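In the two complexes that follow, chain A is the common piece, with chain B as its partner first and chain C second.
So, the complex of A and B:
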C-alpha cells in the first residue's frame, strides 16, 4: 500500500472532480461533489482494495486523504 | 381458561420466532408471549438467545440454536417443531453498499441470509406440515427494494424484494391449506443492526428527521404488526406486505 495508489483509488470514486485535483493533502469533504454516497463508495473501495473495513466515523474524523490513509494503514 | 373473545389475542397459539436473540425478533417473541402465545425461539447465538428465554419465562416452549443458512440446522429445527399456529421469520442481515461494489459474493452473502434461509425454512415447515391448517406466517422484509430505493441499499433491498415476491406466491399456494402468508415492510428500525458504524450516528439522527412521524421505528412497532398478522383478527388477510415506516414511503 502506498499513498499514490490510495489517492488514485480515492479519486476514482468521483465523477465530476478532475483527478489532478487530488493529492494527499486534499481536504476531501470540502469538494463540491462530496456526498454521503461518495462516503459509502470510499468505505466500499477500501474494503475492496485493502481488505480493511473502516467506519463512517473514520471518514468523519479525517480531513485530508492522508488522514484516512493513516487510519487504513493502522488496520493493515 | 376463560373464554377469549378478543380477536387480537394470541391465547392458545404456538408461534415460532427466528432471529429471537436480538432486535425485532426478540421483541416479537416477548410481545407474542405477552399476548398469550407459547413461543418457540431460534437464533445462532446461544448466550443472547438464553437472555430472550429468561425474559419469556414459562411462555417459552423451546429454544433451538440454529444457523438458518445451514441446511442441516434447518432440518433439525423443523424436526424439533411442535404444530405451529404461526411463525415470524425475523432472522436477517443488512449491508450498505453502492451497487458498483455489489459483487456476486456480496449479493450471495445477503441472499443466503435474507432470502434462501427464510424461504427454505418456510418450504420445509409447509412440506412437513409443521404449519397447522389456518396458521399464519409473517416474513420480515423491508420497504427497501419494493417501496423505497435509497442509494447504497440495492444489495439488501434486492434480497428483501425477492422475499416479498415469494411471500405472494406462497400466499396463493398455501391458501389450499388455509395457511396465510404476509410480510411486514419496516422502515429504519432502531436495532443493533443499524449501529454497526458504516453510517455514523450523526447521519442516522439526520436521516430519522426525514420520517414524517419524526423518528425511526422501535422493535415493538414491528412486533405489534406481527401480532395482528398472527391473530384471528387478520383471518381474511393473505399475500399482503404491511408497510410500517412512520410514513417514510408516502
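So, the complex of A and C:
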C-alpha cells in the first residue's frame, strides 16, 4: 500500500472533480462534489482495494486523504 | 457455528399488501433540484415507495394480506396453528401485536401466536423459527407475517432515510408436508457492537420518552430528527452490508455444499441496489437470477424478501418446477441470516393495495 495509489483510487470515486486536484493533503470534505454518496464509494473502494472495512467515524474524523490512509494502513 | 436444517415443512402460499399512496423520489421536496434526486436514484436504484396515511399501521396492512392469503389458499382462519408477526413498528408498547391480530383475524384461541421484533433479517429468522416449531409435526399450518411501516418510525425531514424506506406487509403460509418438502438450511450472524448503526435511541426503558425526546432537531444541514425516530447511520450500515452478507452466503454455500450453478433465485433483502449488487457479485450469481423490487417499493425491511417473491417471482414460484433459492436478510441489530430452500407450486396472490 502506498499513498500515491491511495490518492489515485480516492480521486477515481469523483465524477466532476479533476484528478489533478487530489493530493495527500487534500481536505476532501471541503470539495464541492463531496457528499454522503461519495463517502459510500470511498468505503467500497477501500474494501475492494485493501480489504478493509472502515467505520463512518473514520471518515468523520479524517480531514485529509492522508488521515484516512493512515487509518486504513493501521488495519492492514 | 450456529447452523440449522429443518425438514418436513414447505412454503405453501404468499401474499403482500402495500399502502395505496406512492411517494416519488424524483419530486421529493428534500432535494435542491432534479439532478440531485437523480443522483440518489441512480446509486440506490430506489425510484419510489409506498407510504401509509396517518392512522394506518403495519397490522392493518397485515390483516389485508392475511385475509387474502387465507382466501386464495382455501384455508380457514381456524386452520392456523401458529402465527408469527415479524415487525418493529408494533401497534402498542404492550401487548404484542400478534395477540390483537389473533382476534382481528379470528384465529383460534389455542393458536400459538407471537411477535418477532426483527428488522431486515426478520423474514429469514422468522422462517427458521416457525418452520422449526412446525417440524415437530403437530402444527400443520402456520402463517409468518413480515410487515413494517418504516415511514412512521422515521422522520420525514430526515433526508438520509426518506428516499430509501417504504411500507408493506407480507404473509407466508407454511405447511407440514413430509411428502413434498425439501430441507431448509440456515446460518446466522450478529454483531451487537453495531447496535447504534440503525436504532431508535428514545422510547424504550434505557432512554424513556421525555419532552426533549420528541423535540425535532437539525442534526446536520437539512437533516431533522427526534430522539424517538429511527436513525440510520448510512456509512456504518454500508460498511457492514458489503462485508457480512457475502460472508454469510458463502458460509451457507460452504456448510451445506451448495452448487451455486444450480441456484435459480438469489433473494436479497432490498437494502439498495449498490449494496445488493456488491453482494450478488461476491457470491457470483447471475443478474437474471437476482430479482429486485426496490425500485418500486424501496427498502421495506423484513418484508423485502417476501415482497420481492410476490411481485417479481410469481410465475416461477407458482409453476410446478422447483426453484432452488438462496435468501439473505441483513440489517438492524446488527443481525443477519442466510437460508437455502426450494419453492414451487406455491399459491401466490397478487399484491394488494390498501
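Some notes on this structure:
Criterion: the second predicted complex is superposed on the first by the 76 of 76 C-alpha atoms of A that agree within 3 Å, B and C clash if a C-alpha of one lies under 4 Å from a C-alpha of the other, contacts with A are read in each partner's own complex, and residues count from 1 in each chain.
In this text, contacts are C-beta pairs under 8 Å (C-beta built on N, C-alpha and C of every residue); 3 or more make two chains touch, one makes a residue touch a chain.
Small disclaimer: the values here were computed from a predicted structure and weren't measured.
Of the two partner chains placed by the overlay, chain B and chain C both lie in contact with A:56. By the touch criterion defined above, A:31 lies against neither chain B nor chain C after alignment on the C-alpha atoms of chain A.
In the superposition on chain A, contact of A:3 is made with neither chain B nor chain C. When both complexes are overlaid on chain A, the residue A:43 reaches chain B and chain C alike. Overlap of the chain B and chain C contact sets on chain A: residues 36-37, 40, 43-44, 47, 55-57, 59. Only residues 39-40, 43, 160, 233-236, 238-240, 242-243, 274, 278 of chain C touch chain A when the two sit together in their complex. For chain A in complex with chain C, the touching residues are 35-37, 39-40, 43-44, 47, 53-57, 59. Listing the residues of chain A that touch chain B in their complex gives 36-37, 40-41, 43-45, 47-48, 55-57, 59-60. Contacts from chain B toward chain A in the complex involve residues 96-98, 100-101, 151-152, 197-200, 202-203.
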